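Input: a single structure, listed below in structure tokens.
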Amino acid sequence: MTHRFAVKFAGESGQGINTLGEILAKAIKNSGYHTFAYREYPSIIKGGYASYQMDFSSEELLASSKYSNFLASLAPEALSKYTTLIAPGGVIVHSIKDFEFSDEQLEYIRENKIEVVYIDTQKIAQESDAPLIMANVVILGYLWKLLGFDIKILEKQIRNHFKDKKNLDMEAEIRCLTGGYEFEYEIKGKEFTAKKRTDWSKSKMLTANQAIALGAISAGCRAYYAYPMTPSTDILNVLGSSYMQTGMVVKQAESEITAVQMVMGSMYMGTRAFTATSGGGFDLMSETLSCAGMTETPLVIVLGQRAGSGTGVPTWTGSSDLNVALNTGHGEFPRCVLASSDAIDSYELIQQAFNISEKYQIPVILLTEKQNAESLFNIKELPKPIKIVRSLKEGKNRYEITESGISPRWIPQKGKKTYLTNSDEHTADGISTEDPESIVQMAEKRMRKLLTLKKSIPQPKYYGAEDAKVVFVGMGTTKNAVLDAMKQTEKEIGCLHYEYIFPLQCEKILELSESKKRLVLIENNQTGELGELIKRECSYEFTEKLLKFDSRPFFVEDILDFLKK
Amino acid sequence: MTHRFAVKFAGESGQGINTLGEILAKAIKNSGYHTFAYREYPSIIKGGYASYQMDFSSEELLASSKYSNFLASLAPEALSKYTTLIAPGGVIVHSIKDFEFSDEQLEYIRENKIEVVYIDTQKIAQESDAPLIMANVVILGYLWKLLGFDIKILEKQIRNHFKDKKNLDMEAEIRCLTGGYEFEYEIKGKEFTAKKRTDWSKSKMLTANQAIALGAISAGCRAYYAYPMTPSTDILNVLGSSYMQTGMVVKQAESEITAVQMVMGSMYMGTRAFTATSGGGFDLMSETLSCAGMTETPLVIVLGQRAGSGTGVPTWTGSSDLNVALNTGHGEFPRCVLASSDAIDSYELIQQAFNISEKYQIPVILLTEKQNAESLFNIKELPKPIKIVRSLKEGKNRYEITESGISPRWIPQKGKKTYLTNSDEHTADGISTEDPESIVQMAEKRMRKLLTLKKSIPQPKYYGAEDAKVVFVGMGTTKNAVLDAMKQTEKEIGCLHYEYIFPLQCEKILELSESKKRLVLIENNQTGELGELIKRECSYEFTEKLLKFDSRPFFVEDILDFLKK
Amino acid sequence: MGLSIENYNTKIKNTWCPGCGNFGIHIGLKQALVDLKISPSEVVITFDIGCNGNGVDDIDGYRFKGLHGRSIALACGSHLANRKMTVIADIGDGGCLHEGVEHLIHGIRSNYDITVLIHNNQNFALTTGQATATTKEGKKMYALPDGKPEGDINIGELVLSLNPTFFARAYSGDPKQLTEIVKKGIKHKGFSVIEIMQLCPTYNPQSNGQWFKDRIKETTPKSTISEAVKCVKDTESIYTGVIYQNISRVDFSSKLENRKRIKTELVQEVKQGNIKNILSKYQ
Amino acid sequence: MGLSIENYNTKIKNTWCPGCGNFGIHIGLKQALVDLKISPSEVVITFDIGCNGNGVDDIDGYRFKGLHGRSIALACGSHLANRKMTVIADIGDGGCLHEGVEHLIHGIRSNYDITVLIHNNQNFALTTGQATATTKEGKKMYALPDGKPEGDINIGELVLSLNPTFFARAYSGDPKQLTEIVKKGIKHKGFSVIEIMQLCPTYNPQSNGQWFKDRIKETTPKSTISEAVKCVKDTESIYTGVIYQNISRVDFSSKLENRKRIKTELVQEVKQGNIKNILSKYQ
């Protein structure tokens, strides 16, 4: 069983939890351990409770454990919230003067033999004659000491991170770090001494949002139009801040409707463009999705799911927008739905989305979730970029009726044949029609694209032992907790993981359903939306479902506990 | 077998086909025959081809026959379009000077022994010293003669229809009518002599749009907010032009988003309000639908479906927006979907929609189609209004967790307890929450409303012989063609008709599926969306499907032809 | 009655950053309602999504936190249902000028009798500081390393171009003046637009207290729209106070012929309507 | 090249009512393109949904008939993808001021180099004559037996309140003048808004040829926005011609620092991008 360790760095929104958390994660990675880092934060700018938890090990890790070994907290609310989520034998380090644990928390600490260390970070900052606002770095130093890691690695990471920050007294920061590292409260035996990965410091840590932005650049995408909305906002940031190197047009639009219309306009003209949003913004894009379906104009939308309907739980995770991705946009037209789970498939699937969207001239929706959009995945390398396939072709009629359903598409260009792209139903030449036969012919032609597309859709990937008795079936980030759980249990478990959600391939599911294996649907929503799709497409109905919809992701323990039942 | 007859009055948009067609339909009704009238018109203001077809009989009629017995045409394009849709032994009457039929049309006329009568309506108008623009009424008079009906009935209808029209020379109109009636070209033996219904002139003829507007008034609805969109625009007209009698606030909003937000605001405050739109407008309302779901605010939306995605075929029919009605709006929340088929159930279901929406505090979507929204149904009387049930109740917490899932809802009022209605996930007091247990508790509470609602949802209605071998299963206007077909065939056919679509009742379907009967799914769309819902909810999969998606409704012949196969 | 600010305070911990202008806006708003002797159960406040919307925990009354950009439309529907309630639409500069600008424009055109408070902190704050139409052109913001490449929208100019009946400017740093302005807005029988220059130390530190103090000048209502336009176009100083008011135009619901003789509100009229005479048309 | 109006005519039967102003608008537009020696394959026209949108069958070029209210947003995305093409957004008064007013407003703010033709026939014509914001207040229209109960929007005032770089008014009854105005709009390097007073004999018979003839007066460009505002606010006469132009402000894409040294268009740049140096940030 893999030895894994989890450190949670917590405090209030506005205390630099995000920045210091990222630094800590990368420093742990650079210390030779595969690291996964998961953020929790409130839907406010200052206050509430926020945290960054690093799970690390010699082996690959893709999910968080529910209970962390160390908890370092800069603020009272975070400390009380997370105390009862510490593993037995864990350590609490906090910097809150005369903090009082509740009875229930004290009881938990006692029962689980948790050590509590109070560290007056402000005093140490003063002693290291550094400004008080740098006090939070002190606790990082002490944590590093507990872990028994090389302080130079963390120091290097801090210097690297703030190297472009003007008017920052770097040496004062380092003095605080060392102050914490040398804090005299010795706790032995908590070091993490698993085998280090060789030259793992060259490995990368990036979120699905960042991987999608990079994948779009690899796919030759030249424009990004978006309206900010958690959890997809950071894609605007990555593409905006790198716009000088890429030359991309990065435009914050005045609404989601404007953003997706500008994407459709740019794709219609023959460049590559996309947008990203969350559930509420995607609802506003649905009419345009239907228009792209009817006009067979390529369209790529990233739907970063978050918990709940309405405004919901804006900064927490969930995967309850599959039905919307599959069905939104009035009328019947072909679409493709993909779902990524980590950084690697996010990087690849956005490129596939562009190729599919241009080849089949259909809207493609790539589903992500707050859980992968905003978590740091540790990867050795990004895979090689996927060959750009544009499938541009001149022809007689832009909407020629063909067997494959794909009509010739050439981009508007001086000297080329003009054509009419028409959101009214139309004949091969694009002219509006009300003639029944033409309407049926064109509707059937468009739908044939789904059959053609399905031929090139890969089967879901099977992970785990062939002879596994229990096979979890899911999409998105659920695979990550299952794969991590495989390394923490003797039990033989398998995971059938869908990246290509629609059109849906059924062979593997039906094969497994005939075997004696226990198939368990695993979804981060309340109604088992993927299960409904599988029932519809493959006539297989799950008898066992592991559904979680409390706005938290699946933790490794959730899988292990389920297996125990 | 019922003896039915069909007269099609056709011409160009802008030639008064709609007005004269309605007059003709009501005059036929007043002549003692049950009449169904169906409009076809182009998505332009002038030109193209338009028609109004009246099917009438001594028995009840709810659908059109594909082939009309008479065709009267004022314009060339309509004449050529509809010539090959005339029943054998039919009559063409037209007023197009030296019109030339194509060879194919001439061949059809010859083969089917169709009489062609050219009538110089302008000459007759001049002879009756009436202005040329009244020429179109001449053809009505001649048609009436062919039918052998009492001219006084048609005259009365014309006088009644234009009684409030200022500066109209009524006597000139009547002289044109009589001129046509006395047109010397005698055709005997085409009269319609079926048994007349006694005092049928008191019966009503109204569209589903009009019935919905009346039903809303009966349901105590006090505000209507809408953005014009075919085929629902006429609801704005009915409520706007009767606003003095009803005292309703009727407001044309600047967009569908504004319209549905104003409905949610008015329902939140405790009055009754609704909006109506078509597919594209409904897409724009989806984010608000999700907000109403999360905040448990009553909401009623009429979705007047039309053919196609995008702008589609705007003035033609289809029923391909069920998936959107069931799934639009991100996240998971309970909703109710109803679908009306004619004037009676439209009048009733809008009242049910208000009661369900207020009782269960959920969004309710009432689906109509261009086919019932804009066709004239002949009914003896509107049923008695349904008792208004508001389910208002004071309580401690507006979002109290209850077994039934229904929390107390009292309307904002001076002196009453204030409360917070919050589109963020919230606890019983409405305050935003990020706490996992509260999130699960509230999500489960909301969904329990579906179970409670399902208990009061009626089973689908079964029409036709108990021992029918073939049973059509459908929703919306498909029932009308099946019921009419029952009267035209010896074969025993049944129809299982759903008005309450979601939550879906399965008992009857499962019962029928166990019987030896051939179950045939009948839908006016391409992918059999109701069939997919039945598969999902009842685990029953149709092997036979009659799907029509050419933007035309099911004609009686479509059912009869299917039965012959 | 003994109404006081206390009646409007809630027990919920506030979540704004220290020094945020939203504190001042709520103090001013609560005082206005207290001065007008309006109790919480007579007030309906619709909230947008943003830091302004997180104010929903901070003030009592019937509150509806709806969707981003839609609080004005939600308020209009609420108002028409029950004109006895004081209806206030609270919205950020992002929600008001970007996502939901159509509602501001047509709200002015229809002249519904509600009060709109625009928290103009010159950025999308809650989504961590993106530029809005009121962010100065050229200013470096989120994902704009070389500054905002587009022009700005002057809220006053936009509003005044639509023949409004009430436009005022207030400042979150001057709750007293804000109270007086909000009182006039509420008493105004029509669509009252109040642009509130709001401090946002986190994402708009440049426009701090001093910055505003140097620029804010109180002014008096202008008699014509063109004078009011001159006043709002001034780039040196920021004029606050009621800048334009037209009391000659009647509010929307008073213009409805069919409501003129009806004394009740829509919320009191949900009874089975008579369709007999309308039905006769369909014979 | 020998470009002529013929090159822009199509074989498709036109569907407008006899006497509709759309005929004049298309004649003027085609002539403008011919005069500028722009061939159909160099033109992209986005159409809205309405009678104006049904013009898609009447003129050649790369045409995209999209959704109601969205032709401006569609045109902006098309323009940025290939600035070598002449991009025109065609839209009705309903689509432009109601469903899609946000696109007009932010198009002006961003100053994209496209030309917007607003067919102002003062009603929603294709849905059979409902009132729009440009229908006179009080006028009886569809479902408004006692007249429109709301105020109007003066397109000129709204546009001029947003610091536009080009606003002109034309008249469908004067295709010659329309041609000259459209040519100036297309040559203008920025967001050119052209409001075209359009005859609609079917639903707006009152504003017929004579009505316009009595009111239309040609004018010359004003040097300041406030003068231009005075000109458009005039209720007696309808001033036509280029009313305001500002050539000092650069169009959106020319302001983009990262595009200044790039000669190609986005449509020519779809090649695998280099992420090596960006990726280093994630180590």
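Note that the chains take the letters A, B, C and D in the order they are written out, and that residue 1 is the start of every chain.
Note that a residue touches a chain if its C-beta (ideal position, glycine included) is under 8 Å from a C-beta of that chain, and two chains touch if they have at least 3 such contacts.
No experiment lies behind these values; they were computed from the predicted model shown.
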item: Chain whose Cα centroid lies at the greatest distance from that of chain C; value: B
item: Comparison of B-C and A-C by number of C-beta pairs in contact, larger one; value: B-C
item: Distance between chain centroids, defined by C-alpha means - chain A, chain D (Å); value: 41
item: Distance from the mean Cα position of chain C to that of chain A, given in whole angstrom; value: 37
item: Between chain B and chain A, distance of the C-alpha-averaged centres to the nearest whole Å; value: 45
item: In chain B, residues with contacts to at least two other chains; value: 42-43, 48, 243-244, 254-255, 280, 287, 291, 295, 310-311, 423-424, 432
item: Residues of chain C whose C-beta touches two or more other chains; value: 49, 65, 67, 98, 101-102, 105-106, 110, 133, 146, 256-258
item: Touching residues on chain A, where the partner in the complex is chain B; value: 42-43, 48, 278-280, 282-284, 286-287, 289-291, 293-295, 305, 307-316, 318, 320-321, 323-324, 326-333, 423-425, 432-434, 436-437, 439-440, 443-444, 447, 525-527, 532, 535-536, 539, 541, 549-552
item: Chain D to chain C touching residues, read off their complex; value: 98, 101-102, 105-106, 108-111, 133, 146, 149-154, 157-158, 160-163, 226, 229-230, 249, 252, 255-257
item: Chain A to chain C touching residues, read off their complex; value: 14, 42-48, 227-230, 233, 236-237, 239-241, 243-244, 250, 252, 254-255, 280, 310-311
item: Residues on chain C engaged by chain A in the complex (per definition of touch); value: 13, 15-18, 49, 51, 54, 65, 67-69, 97-99, 101, 124-128, 130-131, 133, 142-146, 202
item: Interface residues, chain C side, partner chain B - complex; value: 12, 39-42, 44, 46, 49, 56-57, 60-67, 70, 73-82, 84-85, 102-103, 105-106, 110, 253, 256-259, 262, 265-267, 269-275, 277-279, 282-283
